[in-house]
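Next come two complexes built around subunit A: one with subunit B, the other with subunit C.
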Partner chain A sequence: MSKLHQMIERNSLVMVLMITIVASIGGIIEIAPLFTIENTIEKVEGMRPYTPLELAGRDIYVREGCYACHSQMIRTLKTDVDRYGHYSLAAESMYDHPFQWGSKRTGPDLARVGLKYSDDWHVAHMKEPRRFVEGSIMPGYAFLADNDLDLDRAPLSLKALRMAGDPYTDKMIAEAKQDILRQADPELEGEDDLEERYGEKVQIRDFDGQPKRVTEMDAIVAYLQMLGTLIDPKQVSDKIRAEEAAKSKALKGESQ
Partner chain B sequence: MEVRRDPVTGENTTGHEWDGLEELDKNVPWPFKLGLVIAIAIAAVMWVMLPSWPHISSDKWPYVTDYTKGTIGYSDRGRVARNLALLADTQAKFDKRFTDRDLKDLLADPEARKSYFAAAATLFRENCAMCHGRKITGRPRFPNLADNQWLWSGDVDGIYETIKYGINSEHDDSRSGSMPAFGKDEMLDLDQIHDVVEYVMKISGQKHLPDAAKRGAGLFKEHCVACHQKGGVGNANNGAPNLTDDEWIYEGHKKTVYQSVFYGRAGVMPHWVDRLRDAEMRQLALYVKWVGADIAAQKAVELKNKPESKVTEKLDGKDEDE
Partner chain C sequence: MRISSGKIEGYILILMTLPLMVLGGALAFYGKEGALVFHGGLIALVTSYAIISIFRKMSEPAQNIPLEYNDGVIRAAVIMTGIWGFIGFFVGSVIAWQLAFPDLNIDLPWTNFARVRPVHTTSVIFGFGANALIATSFYIVQRTSRARLAGRFTPWMVLWGWNLFVILGVSGYPFGITQGREYAEPEWYADLIALFVWVAYLWVFLATLSRRAERHIYVANWYFLAFLIAFAMLHTFNNLAIPISLEYAKSYSLFSGVKDAMTQWWYGHNAVGFFLTASFVGMLYYFLPKAAGRPIYSYRLGIIGFWGLVFLYMWVGSHHLHYTALPDWVQVLGMSMSVILLIPSWAVVFNGFFTLNGAWHKLRVDPALRFMALAVCFYAISTLEGVFMAMKPVNALSHYTDWTIGHVHAGALGWVAFITFGSMYKLVPWVWHREGTYSKRLEAWHFWLALSGVLIYVGAMWNSGITQSLMWQTYNPDGQFAFAFIDTVDAMHPYYIARAFGGTLYLIGFCLGAYNLWLTIHPRTPIQMPDQQELKPLPTVNLNKATVKSPMSVKATETPTGPAE
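And now, the complex of A and B:
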């Protein structure tokens, strides 16, 4: 055994000091980048916080453990992009607390499932998934259409997310309950208010085919139908493609 | 206990002793040490070649907004952009023979079918089968594509347009057509709806109450013919279905027809122009026609081969679907 090693092992104070240094390397590498996160996530146009109805749907998504089988992150792989659409951008998860990236795909990725299928399909598929997709092992969620949505949670959820840094205003929180009804019932007044608060891309309609009620099915379908619809990811990838083209042109120029 | 030389191995002991057991002060075997050194060396090389260290950039001081790009300029996004460009090249070659030609032309071309069919079948399974089923025959609420009954244009160009922009979809150029909610919006009262439903039962050749159907005929003329046309044969220009055939999207029972009249309908077909390439949408339009024709041909053969005895069996009250 070397002299140095012997000295460290036999001197507890030196030992503690060395352990602290080694352990903190891992800590620094994991924690330090978080301090720069505000500056490193690229800015994209179109992201907005969830509407109260979508947020309720997201809570149901988490409650039912959908993330265990469905990822919400399209990776920077050719096969992923070819199948699911443009790869996910960090900014698309900026209002997710916690994010739903997932690490296991038993079902398909859902990051851009919004508007891929009709509401009718989502509702029917939620009720009897294995009837609609051959080889599916997804359990049925028919009860979501029977459960009335708990509206009282909405302002509290918004408030909690504001503490986590989402830009919900006092007005949004005060109107949260009413905004849920406005989004799920196209005949209610106040469509403009909703769009003013959450942008023009808010989808306002009766999602679950039960116009008289606002159910958990309304919420989950509203959530699924907005996934990936807010931003145009090409604003980022066009830049990258142009850079790559320029790079390969430069390479070709060199070789000639 | 003292450090001493072990007579068997010739190594020193550490000087520790537990109930008479001593420990040799052996070095780590050199291959392990070499492995460690090589790993560190590889890491050092990768630090230089690949993106590694975040650092403060001069224009946004003091925020850490930049990183060392590495000598080979690798990035995941760059790689996927390159791979997708290659993929696009391959696809363009595959599509080229057919993109310039008219869809109607391609429909009749057996070679086009040979080249497109397998790819289109995969596309259909991945994107369309969710609603329309793998056999393209649909299910309640989701139209059968093989019955040659079309809400909108049923020629291949029309189908292509439906795929591209959808029906009642979020796209600006979407086809749009909806059945008004005659009951909910109080355009007809419950008795009137009942009569109209009976009339629809009559024209579709189902069991109905003759008196009610007669009353319903007048109401139908007044409220329904604008879209469904005289006699309820439908109109492909506004997506009003033919009510006289035995193909139904919403099953065509009295109950569901009643629901349709009371609450209205506005079925949605999503638009695919943002998700699929143009050539892919063309392939799908062709695929739907090809498979539809196959199924129709198969049905015709079955009908032809049906033994005469079948009719008598049916009269005997036996199940007609065997």
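And now, the complex of A and C:
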């Protein structure tokens, strides 16, 4: 061994080559299959890309770094499921660039927080967490209600996400700004258009209690309220399990 | 053909810097967000300054390369280590107090915990850690190769370029510029700069090695090489993203969901593995034997430890994703490899301890060596702990809790920072040509404050982590949860105060250390013993392949220059 190694340690280029090879193996074996094996993410009914308003909310979630305190990944453990609901499926984060599963639960998991509280509760809680929840250590985000949402970003964002593989259509991109207004202002025409593009479950209303304006608070509450509401995870995982059972039965049948 | 020193190097650097300058200008011009305009302007300014000064230096009459080690850049890196260390520890203490007393968030956009937290992680890892690594790796590669650092401008570009990257990161977060991925928060334009710098760093290192006067590459340099190569791969692949335009800093990760999670933690764990471990092991393999005055105990352990680490670390990222939507086989693979990872990790530990064997008496009189010895202890503890946490049943308990934070800081405060402190107490007198540090007593104070700080911090986090996890899992007889989430938050309060207190002690210790080193560099009384080196006229040799054979090099190579066989 040491003869061989002496050769390596006398030649820096050989060493560089060896390190590169040895260090690449792990990543290639673990990551490459995720991109090729089809069933990493099961196809699931109901999953759709974010609406421009929700996406803006998600961008704010990322910008504020909420992931430093909140996870969005309910593990398959019983205690997680009992507290937060059905465990998270891969499909549920398939449009998340980047993922926001988080690594620390200083606050509770948010993967299924959608529709758990009213909009008013969220707005008031975001502004002043300790008014409702005594002992909360969450920072206050009152400034979100003062900031008007920057609409110009929306089409750019959708375009970039399309390049990353999300199924946004030309129409969606062209209408992005208008779609934000449509979703946050129920008075505006065109709800049907919005639903046609993003499905029936799009929540259309004024979220932040300031009907005249579209603020960053509208966006973040719209995002929070849709988290975990798109699919029925139980139905989906039952279906996956049934399919798997059928498959393994079939395999057994073949081998006999 | 004879070229005057640094012409080719200078032109290549200018060619590589120009696009960055254009990019900076474009961001400053098109940017719609204040912070982005500032970033663009800063990039343009720094790069144009770099280009101008390279031009000016190149047009000076050709000079011979001085026959001495290039220590100027090391001294600058040491200073930057101190500055970032202060910022990082200070901000760490601030966020620790914020968690204990949330009113300290002041609820302004740029002061709240979640925007400030990455300022802490980036300052300590990429500010404090990386600058310490630049300083020590440049020192070690010169001494163990007995050759002057390659490049006239590149080492400086590496240092300032990297610090530009860290400044771009840290100054962006409070204004909401972030990619939202742990330890890879800086946006795409900063990432490009980091990549440029990294390639330059790798070049400096390899080019210096190639002029070495020793046949063997010393073991510390293996680790630095692995760190350089691995981080280049990780950084590039993990930061693939699509910017939305030049008007906004925002970009979207190229990957999504599960794939993004796996890529990120493949990166994240190896930021730990190569940034906070392999490279610091390199530091250990030079400074520990040097300080203890004994050769490395075992060459074989060195080899096993090295290749084991390089191979295994890349597999274990998935232990950050246990019980998630990541496919099961990847989780199990990550778990298994994590367990095996204990072997190379502890190979380093054994090598460290047995190297100290026979020098234990020095621990009593040399606080710097004490720092290093304790660093090895904490390395042993945190890797053992990590292996346990990587096992799925234990991770079910530890994940998402403060236990992770405790583990992180056992490694970060106890291992990374301790080995750095120990090495700095040796390095500063060497590169400033002083006999020793200003005060051993202050060193000892620093040691005890830091040690109490870590123990309080880590003890508090173990307690709070396990308490919280158990509270989350406690059911009443009727099948309902015994505690609402907020009850578990309340229960953390005393521990958060304790942690903040421990962190503050650590910070105070650090300030004493920095003061001590400052006085070492700028003594109050004029130095008694003038530095002999500077008195002699410097012998010079012919340009490029300057191999140093000055009195300094003899002094520097009293140490084991090759692993003991």
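Convention: the second predicted complex is superposed on the first by the 211 of 256 C-alpha atoms of A that agree within 3 Å, B and C clash if a C-alpha of one lies under 4 Å from a C-alpha of the other, contacts with A are read in each partner's own complex, and residues count from 1 in each chain.
The rule is simple: a residue touches a chain if its C-beta (ideal position, glycine included) is under 8 Å from a C-beta of that chain, and two chains touch if they have at least 3 such contacts.
Treat the numbers as computed from the prediction; the structure is a model and nothing was measured.
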Contacts of A:Leu156 with subunit B and subunit C, given as first, second, both or neither: second
First, second, both or neither for A:Pro211, with subunit B first and subunit C second: first
Subunit B versus subunit C as contact partner of A:Asp82, first or second or both or neither: both
Touched partner set for A:Ser237, first subunit B, second subunit C, both or neither: first
Which of subunit B and subunit C A:Thr36 touches, first, second, both or neither: first
Subunit B versus subunit C as contact partner of A:Ala90, first or second or both or neither: second
Contacts of A:Phe132 with subunit B and subunit C, given as first, second, both or neither: first
Contacts of A:Gln203 with subunit B and subunit C, given as first, second, both or neither: first
First (subunit B), second (subunit C), both or neither touched by A:Gly26: second
Subunit A positions touched by subunit B in one structure and by subunit C in the second: 1, 35, 40, 76-77, 82-83, 87, 133-134
Subunit B - residues contacting subunit A, complex: 14, 25, 54, 60, 63-65, 73, 75-85, 87, 126-127, 129-131, 134, 139, 141-142, 169-170, 184, 263, 267-271, 275
Residues of subunit A defined as touching subunit C within the complex: 1-2, 5-6, 9-10, 12-13, 15-16, 19-20, 22-27, 29-31, 34-35, 37, 40-41, 59, 62-69, 71, 73, 75-77, 79-80, 82-83, 87-108, 129-130, 133-143, 152-153, 156-157, 159-161, 163-166
Touch list for subunit A against partner subunit B, complex: 1, 32-33, 35-36, 39-40, 76-78, 81-83, 85, 87, 115-121, 124-125, 131-134, 203, 211, 237, 240-241, 243-244, 247-248
Complex interface listing, subunit C residues touching subunit A: 32, 98-99, 102, 105, 107-109, 112-115, 117-118, 173, 176-182, 206, 209-210, 215-217, 222, 225-226, 229-230, 233, 237, 242-245, 247-248, 250-264, 266, 299-300, 303, 307, 310-318, 320-327, 330, 333-334, 337, 396, 399-401, 404-405, 472-473, 481, 485-486, 489-490, 493, 565
